[in-house]
Amino acid sequence: MMHLPLLPVLIPLAAAILMLGAHRADIRWARGIAALSLLGLAIAAILLLRQAATGSVVVVELGNWPAPFGIVFVADRLAALMVATTAAIAVPALLAACGGLDGRGRYFHPFFQMQLAGLNGAFLTGDLFNLFVFFEVLLIASYGLLVYGGGVARARAGLHYVVLNLAGSVMFLIGLGLLYGTLGTLNLADVAGRLAVVPVADVAPVRTALALLVAVFALKAALLPLGFWLPHAYGAAAAPSAALFAVLTKVGIYALLRLSSAAFDSPPGAALFYPWLLPLALATVVVATAGVLAATRLATMVAHLLLLSTGMLAAALAEGGVPMLAALLYYLPHTTLISAALFLLAGRIAAVRGESGDGLVRAAPMPGRGWLSAAFLLLAVAVSGLPPLSGFLGKLMLLSAAPATAAGYVLWVVFIVSGFVAALGLARAASTLFWERDAAALPATATAGQAGALALALALGFVPALVLGAAPLSAYARATAEQLAAQQPYLRSVLPAGAAAVAREVRP
Amino acid sequence: MEALLATGIGTLVAAGLWLILQARSFSVVLGLTLLSYGANLFIFAAGRLAPVAAPLALPGAARLADALPQALVLTAIVISFGMTAYLVALALRAMAETGTDHVDGREDGP
Amino acid sequence: MRRLLPQPVLSGLILGLWLVLAPAPSLGQVLIGLNLALVLPWATRGFWPDRPRLADGGAALRLVGVVLADIIVANFEVARQVLGPPARLQPGFLEVPLDIRDPFVASMLGSIVSLTPGTVSIEIDRGVLLVHALHVSDAAAAVAGIKSRYETPLRKVFAC
Amino acid sequence: MDLPGLAFAILALFIGAGAVPLLARFGRAIAAWAAAATLAVAALPLLPLASGALDGVVVVQRIAWLPEWGLDLAFRFDGLGLLFAILILGIGQLVVLYAAYYMPREDGLGRLFGLLLAFAGGMLGVVLAENLLLLVLFWEITSVASFLLIAYKHDATEARIAARMALAVTGGGGLALLAGVLLLGRMAGSYALTEVLAAGDLIRADPLYPVALVLVLLGAFTKSAQFPFHFWLPNAMAAPTPVSAYLHSATMVKAGVFLLARMYPALSGTDLWFALVSGTGAVTLAYGAYVALLKHDLKGLLAYSTISHLGLITLLFGLETPLSAVAAVFHIINHAIFKASLFMAAGIIDHECGTRDMRRINGLARFMPVTAGLGIVAAGSMAGVPLLNGFLSKEMFFTEAVAQPALAGYAYVLPAFATIAGILSVAYSARFVHDVFFNGAPVNLPRTPHEAPPWMLAPVGVLVALCLVVGLLPQLSIGALLHAASTATIGNEPPAYTLAIWHGFNLPLVMSLAALAGGLLWYRFRHFLYDLHERYAPNLSSPAAFERVFNAAAAGARWLLARLDSVSLHRYLTLLLVSTLGLAGFAWHSASPSPLAGPLPPTPADPLAYGALAALVFGALGCAFWHRQRPVAIIFASVVGLIVSLVFIRFSAPDLAMTQLSVEVVTIVLLLLSLRFLPAETAPRRRPGRAGLNAILAIAGGAGVAALAYAMLTRPFETISGWFAANAVEGGGGTNVVNVILVDFRGFDTLGEVAVLALAALGAHALLDGLRMQPQVPGPDRPGDRHPIMLAMLMRPLLPLALVVAFHILLRGHNLPGGGFIAGLITGVVLVLQYLAVGIDVTETRLRIDHVRLFAAGLGIAAATGFASMAFGLPFLTGTHGYLGIPLVGPVHLASALVFDLGIYLVVVATVLMVLTALGRLSQRELAPGRAG
Amino acid sequence: MMSEILVSLLLLLGGAFTLLGSFGLARLPDFFMRLHGPTKATTLGVGAIVVASLLHAGADEDGFGLRELAVMLFLFITAPVTAHLLSKAALAERRRAEKAE
Amino acid sequence: MLTLILPLVIGMVALAMLLNLWRLARGPAMPDRILALDTLGINTIALVMLLGISLGNAVFFEAALIIAVMGFVGTVALCKFLLSGDMIE
């Protein structure tokens, strides 16, 4: 059990290694390994959640070296929630990929597993440079998954995505260098401890270092004006990849959350989000809403919906406070799971429609229209925040938690109107996809495997799960927000003797 | 010495930025390479410049250079090498798909 | 023995290199070096399909001495040429007809020519070594010099 | 706690909604029976509570759901709830019966009844909700369900658009309601209806009351199709008639006026309420009544009449007379009854005639006398003909109009307006009767109408009978229910009123008679009005208009996105740079002021440092300047790499220098391999201002980073790094602290790093595998140039010798500069050199390595050292080291880190080989066809 | 002392030839002439410095104290190859330029 | 004596490297630039050795060795690119 927090990284890593070793074998081997890996991941995620739900913060010292010198993995409520969300998405995404996509290029399964390893590592690590490394792991895996399958759109969007992220990595490194060069440590808990005692003369560089990290995380989160790449990239990716990417942007949100929890009570981190984050977050919502209206393909529409949710999450982050973060932490798994399901649905629709793909154009009636339209209805209602599904509950929480200030009410207006417009856009899309029929068009001849359907069905399970589990999830989210705000449990678990007891030397 | 190193880092970053702002994939690769150099030197500089010995914990060794930033830079160099390799492959793929080495995939791109 | 040690010269070179690089002279290092000397030639034998055999070790040593001496002496010659007015230089290409047929040995000749100052091997093509000389007053003499000072000893060393 | 029977009632409907479509596979009858049974089952939990509700008992049942957010599954059953439950479930039963006969044979009914039940569930939830958030939740369920019901015949364009229109208006209104409810909750401190209703004074005194009121009214008005939000309703007639009969008489549209009734104690009693509610109601009443006459479509007429009657009810809620709310509640009942029957009758007529155009439908009394009889009675009720239920509530309306005190001085205005509205309503009712059942013979009907089957007429009959019963025996039939519902609405006992047919000859009766007479007269001049209307009235409510607005919005959105997002990397990078610079600048300047330079004295610079800086700047600027001549740019980049390595050497970082140097070489080879397929040179592109912008951005970014570096370098800091040097030998078993950090203290970073490397190579391979590309540079013009002989020959001895160096570097790494990474690069590079020397074909026949398995081996070995420690109950990657006694050799110091390093070595070798051969094969394959030998 | 003088002389010799080679590279008018400077002088230049380093460090260094010889070994193998390839490349460029005219 | 000679020799090598840079910038053709880069690498070996003597530290030797073993690969690649465009076929 002491290794538990590491398993979400080690299991997929081991799976990827085995897959590479068996790369000449029939693809069923890779699938089998992947299935076993996901089974292990699911079990690990559940155990982690159960452990975290007790309020304990479990620390693993890699290599048996104590923090802040060695790298530690820290499983608290937030990390467990993120790992569980990732695992939940991975299952249907993998299943969808096993419908034949995984055989259409090279190394799908190793990339998929390493994507999971990278994500989980980013969520669990308690060391900032190790976070950088896991960012790179998840990014390189995402590059592979994004361009998987080839084609002009993927190549172009992939190039933009990769270059932007490489530029982001450079910023990350400079930020980390500056942070180490001023605070002399890389462990997040230790950083938090050091921030409290930064000499006045060093506040400016430390604060700038934090700002650089914030900029990097905002890029990953696809916050405007750094998020234009997202719809092109996610819209171009194959459906299973895109589904997995739904959790990718949340890494940025997660990191911002972590950073704000660790750093923003200190002089260098004070009010670092104010006054710019809220306007940008709301602008993200507005532009993404426009994108939903403007979309000409379902996948692009879903990508904009994802962007929209990022804006909402960022706005919640900007407002801060336990209730707002509690709302955020319910909304985050909701939007991630539902967006992933929508990507799978878009992929399924594209598969059964054949030539017209998921384009929002009139076409021949698609096979399986009945249940696909029902799936669309469920997911559309959930994603646009209409009652009675999780989107409504999440939005309700965000609205309730918004403060009774002008900014709070602006947030109401933006959230409500954006959800409304999104619902109209989705209704229009549904109308075109399912109801308009082109009598002249030949019926789709593409044969779509059953794996995609099964994956979608599985992903649809998120909808009732998020509603029926709303009460426990909401309670968990609130406790997570409180744990983040308290900060002390995390710090004490990582550095039992406190940051002040760490041996340091003055340089140069 | 500090000003010189800072100037060097700044020049690398400026040249790298100039290059990635050019619209050709090859220039972007070059620019990212220069940017990585700049970032690596920056992290390296976080250990400060001091007339000290290489970080070898030999018997009787006196003041050693800060090994931690060096280890970080090593990791960063390796990762950036991998990323460069990938980017080069992607640039070729994009060239094959779009018929141009313009990063926006269209010759008339902005 | 031949199976075990296909290239004794190379093996010796490997052992020597290892010992030169080794952090401390110890029996362990010698053992590791011997291992490398055995394993590496065997492991890389595919890249060297037609190995020339060393026939005359003494001739080889003599050749090494000659070349080293030439390098030192000729370096001063070239230094004078480089420092002097460039207009006085008469550069030119020399075509050295080769009696060596083995491409590896021919390449060794090319290397020696390049390492000794004043001449650079440019091409080995159809039995002719094309050489660029920084200053050549008598082309025929220069060609003859290369053949007698380096090619003949080399043929003796490798018996080809 | 009570058993949550109310929740069961609602749940039953939703379960039925899910089950009926499945049961419909067994036949239409099964579907119909199942739907009817569901409605009946839903009524069961309510029955025991009904008598209590009639007596004014309010039952509240509550299941906690999200208490911290104020959302509970709390339900309430009172008179108003009872009334609406009867309407929803009762008229629902009739609609099910009607639909079973009305819908075409080929319709399996599963979807229709499923949606109807879902709708009924939402509706019942709205009327039984005790929690306001829960009310909103159900409210929006009705919006979504009605969207699907209106789009039921989705092959028809107008049905699809009408559905979206309804969703836009009613769903949007629901969101406004949500905001309003959230505000009310903040004012009252609770979302529990009981507490909100009790906090009316608090709410009305709140500064945000007007906002909350407007938001709640937006919800009500949109749902109840009040002007100017009415336009969705006529278009919603695209729904099948049973749907119209249900949604647009008794349920959906009544949700809005239900909300007015529900919130009456909390929100009413202010001038704003009066102005907004009665004003909107009055305009809607008149407008709907006026337009209704002009509709040639039978259902259109009914739709506008519905709008008009809803306006009437709204107007009544707005009036501030004691009994207006009672009148409103009464008219809710009456309208539901007669309008449902009229829709059903219209459906029968449509069914029988094949058209709903009243210009073609004439004289149906001859063909279908029963339908005619029922329709005439229902229309009479709609017109307010005495002895029918519609007359009673209209009479109450007239009474209240006369009694309304607010317009003192203009007391005649409201009665006059009421009379005019009455005239209009009589006129359209007259048209429904005369133009359909009489007025000569039918014109060109698709089929000859017959009397409908009895079971189809039965529901109409039941409703018409109710019109008569209520009209004749109001107190006996409806008195108790009306009283209970009114009490629940007002919040306490309503003032005394009598439900009687005859109140004596008074002003309201005069108004009624005037309305009847005037209405018939108005109908007489209808043709003149038709012409007028067709000539001048803009059709604002057409689906085409809605679609135009929507498309314009989408086009606007597209325009906006195109402005913002040019899908250009330059734009993205510019935004990234500007944002980062802005954020960093903001961070610096918002900190407590401090100088850029720290307190440390500068280290003196030697001439060599100046030279190095000069070379670095030279290389960097050269690379930037010559970037269009790619090979030249590569050379300049190499210079930069070389100088960076020198900096590492100068400042005591031998490992970094070696790594940098080896990476440099591989990178050059990589870039050159790619250059074959990229244009070797590109002409500069003229873009005004672009170069200037780029220069500014680049200089700003460079200056910023330089400033940060300077600020950092001139400040002392406290670091943890002393620990690493102190523990390297004891803890990590190595003297090279950098290597010990890499393979032990922070070995997990390294594991991630080699994973990145492996994935990058695999990704590159996946990208280029099977790709064919046109080379952009000429091939060799001499065959001998392909594999220069001296290169090929001298690589032979170089290979094993370089491997010796690699092995040397690998072994010493833990103690001295070196390690698996550098060793791997050396190995990879000398192997690549073989490719350069003799070509890919020859090399690959000699070097049979499965790169992918090499990755597996390398990563596996590295990871295995971690797993091994787990087997000993230690954390992942816990290292060990010690001395191993070897005969002859003596003790040899071994660290598990060496094994880890070996894994790294293999991964690096595989990376170099895989990437470079992937790029190399690109050209090879391309050349293959033309190559001889 | 003798060794220090010897080392100094060797260093001066190495430095001089290193500089000379690069001077030739900068000064000589034609590519094939420039090719001579570095490939020769740097060989001796670096060679002298290597020997100097060998002599200087030999006493207090671990191992056999001959590590610097390894550098020379590799330089002697690679330098001719470099020259060979460079001149071939230059010839190819020249041919290409002639063809273009 | 060495303390006097060493800076002088380092200066000579550094000057040599600056001369290489001049040729590198000047060209005129690609072979000239490659030649300049190759010479720069060899001069770097000399400089690294000199720094090793000057700092009294032998740990830089391997860096010189790396340049000796691998530095010329870049030159080979550049030349082969010029020669045949395609390098490893």
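Going by the order they are written in, the chains are A, B, C, D, E and F; count residues from 1 in each one.
Methods note: contacts are C-beta pairs under 8 Å (C-beta built on N, C-alpha and C of every residue); 3 or more make two chains touch, one makes a residue touch a chain.
Keep in mind that this is a model prediction, so the values were computed, not measured.
K.L.:
Using the touch definition from the top, what's the fewest steps needed to get from chain B to chain E?
P.N.:
Each step joins two touching chains, and the minimum needed here is 2.
K.L.:
Tally the contacting C-beta pairs at the B-D interface and at the E-F interface, and name the larger one.
P.N.:
If we tally the C-beta pairs in contact for B-D and E-F, the bigger total goes to B-D.
K.L.:
Hey, which chain ends up farthest from chain F, C-alpha centres compared?
P.N.:
So the farthest one, by centre of C-alpha atoms, is D.
K.L.:
In terms of CA centres, which chain lies closest to the overall middle?
P.N.:
A
K.L.:
Chain B to chain C: how many Å between their CA centres?
P.N.:
40
K.L.:
Indicate the whole-number Å distance between the mean C-alpha point of chain C and the mean C-alpha point of chain D.
P.N.:
Distance between chain centres: 75 Å.
K.L.:
Distance between chain A and chain B based on Cα centroids, please, to the nearest Å.
P.N.:
27
K.L.:
Would you mind pulling out the distance in Å between where the CA atoms of chain D average out and where those of chain F do?
P.N.:
61
K.L.:
If I count partner chains per residue in chain C, which residues reach a count of at least 2?
P.N.:
In chain C, 17, 21-23, 110-111, 121, 123 touch at least two other chains.
K.L.:
Give me the residues of chain F that touch two or more other chains.
P.N.:
Expected reply: 10, 17, 30, 34, 36, 59, 65, 69, 76, 78, 80, 82-83.
K.L.:
Pull out every residue in chain D that's touching 2 or more other chains.
P.N.:
Within chain D, the residues that touch at least two other chains are 567, 569, 571, 573, 600, 634, 654, 673, 675, 705, 708, 712-713, 717, 719-721, 724, 746, 749, 753, 756, 759-760, 763, 765, 767, 778, 780, 785, 788, 790-791, 794, 797, 801-802, 805, 815-817.
K.L.:
Provide the full list of chain pairs in touch.
P.N.:
A-B, A-D, B-D, B-F, C-D, C-E, D-E, D-F, E-F
K.L.:
In the complex formed with chain B, which residues of chain F make contact?
P.N.:
My answer: residues 57, 59.
K.L.:
In the complex, go through chain D and note every residue touching chain B.
P.N.:
Residues of chain D touching chain B: 566-571, 573-574, 577, 600, 602-605, 609-610, 612-613, 616-617, 620-621, 623-624, 627-628, 630, 633-634, 637, 640-641, 644, 647-648, 651-656, 659-660, 663, 666-667, 670-671, 673-675, 677-679, 682, 685, 694-695, 697-699, 701-703, 705-710, 712-714, 717, 719-721, 724-726, 728-729, 735-738, 741-742, 746, 749-750, 753-754, 756-757, 759-761, 763-765, 767-768, 771-773, 815-817, 821, 911, 915, 918-919, 922.
K.L.:
Quick one: in the complex, what on chain B touches chain D?
P.N.:
Per the touch definition, chain B meets chain D at residues 1-30, 33-34, 37-38, 40-42, 44-58, 64-71, 73-75, 77-79, 81-86, 88-93, 95-96, 101, 103-104, 109-110.
K.L.:
Write out the stretch or stretches of chain A touching chain B in their complex.
P.N.:
Listed in rising order, the residues are 129, 133, 136, 140, 143, 147, 150-152, 155-156, 158-160, 162-163, 166-167, 169-170, 173-174, 176-178, 180-181, 186, 507-508.
K.L.:
Taking the touch rule as given, give the residues of chain E at its contact with chain C in the complex, in rising order.
P.N.:
Interface residues on chain E, with respect to chain C: 17, 20, 23-24, 27-30, 32-33, 35-37, 39-41, 43-44, 47, 62-64, 66-67, 69-70, 73, 76-77, 79-81, 83-84, 87-88, 91.
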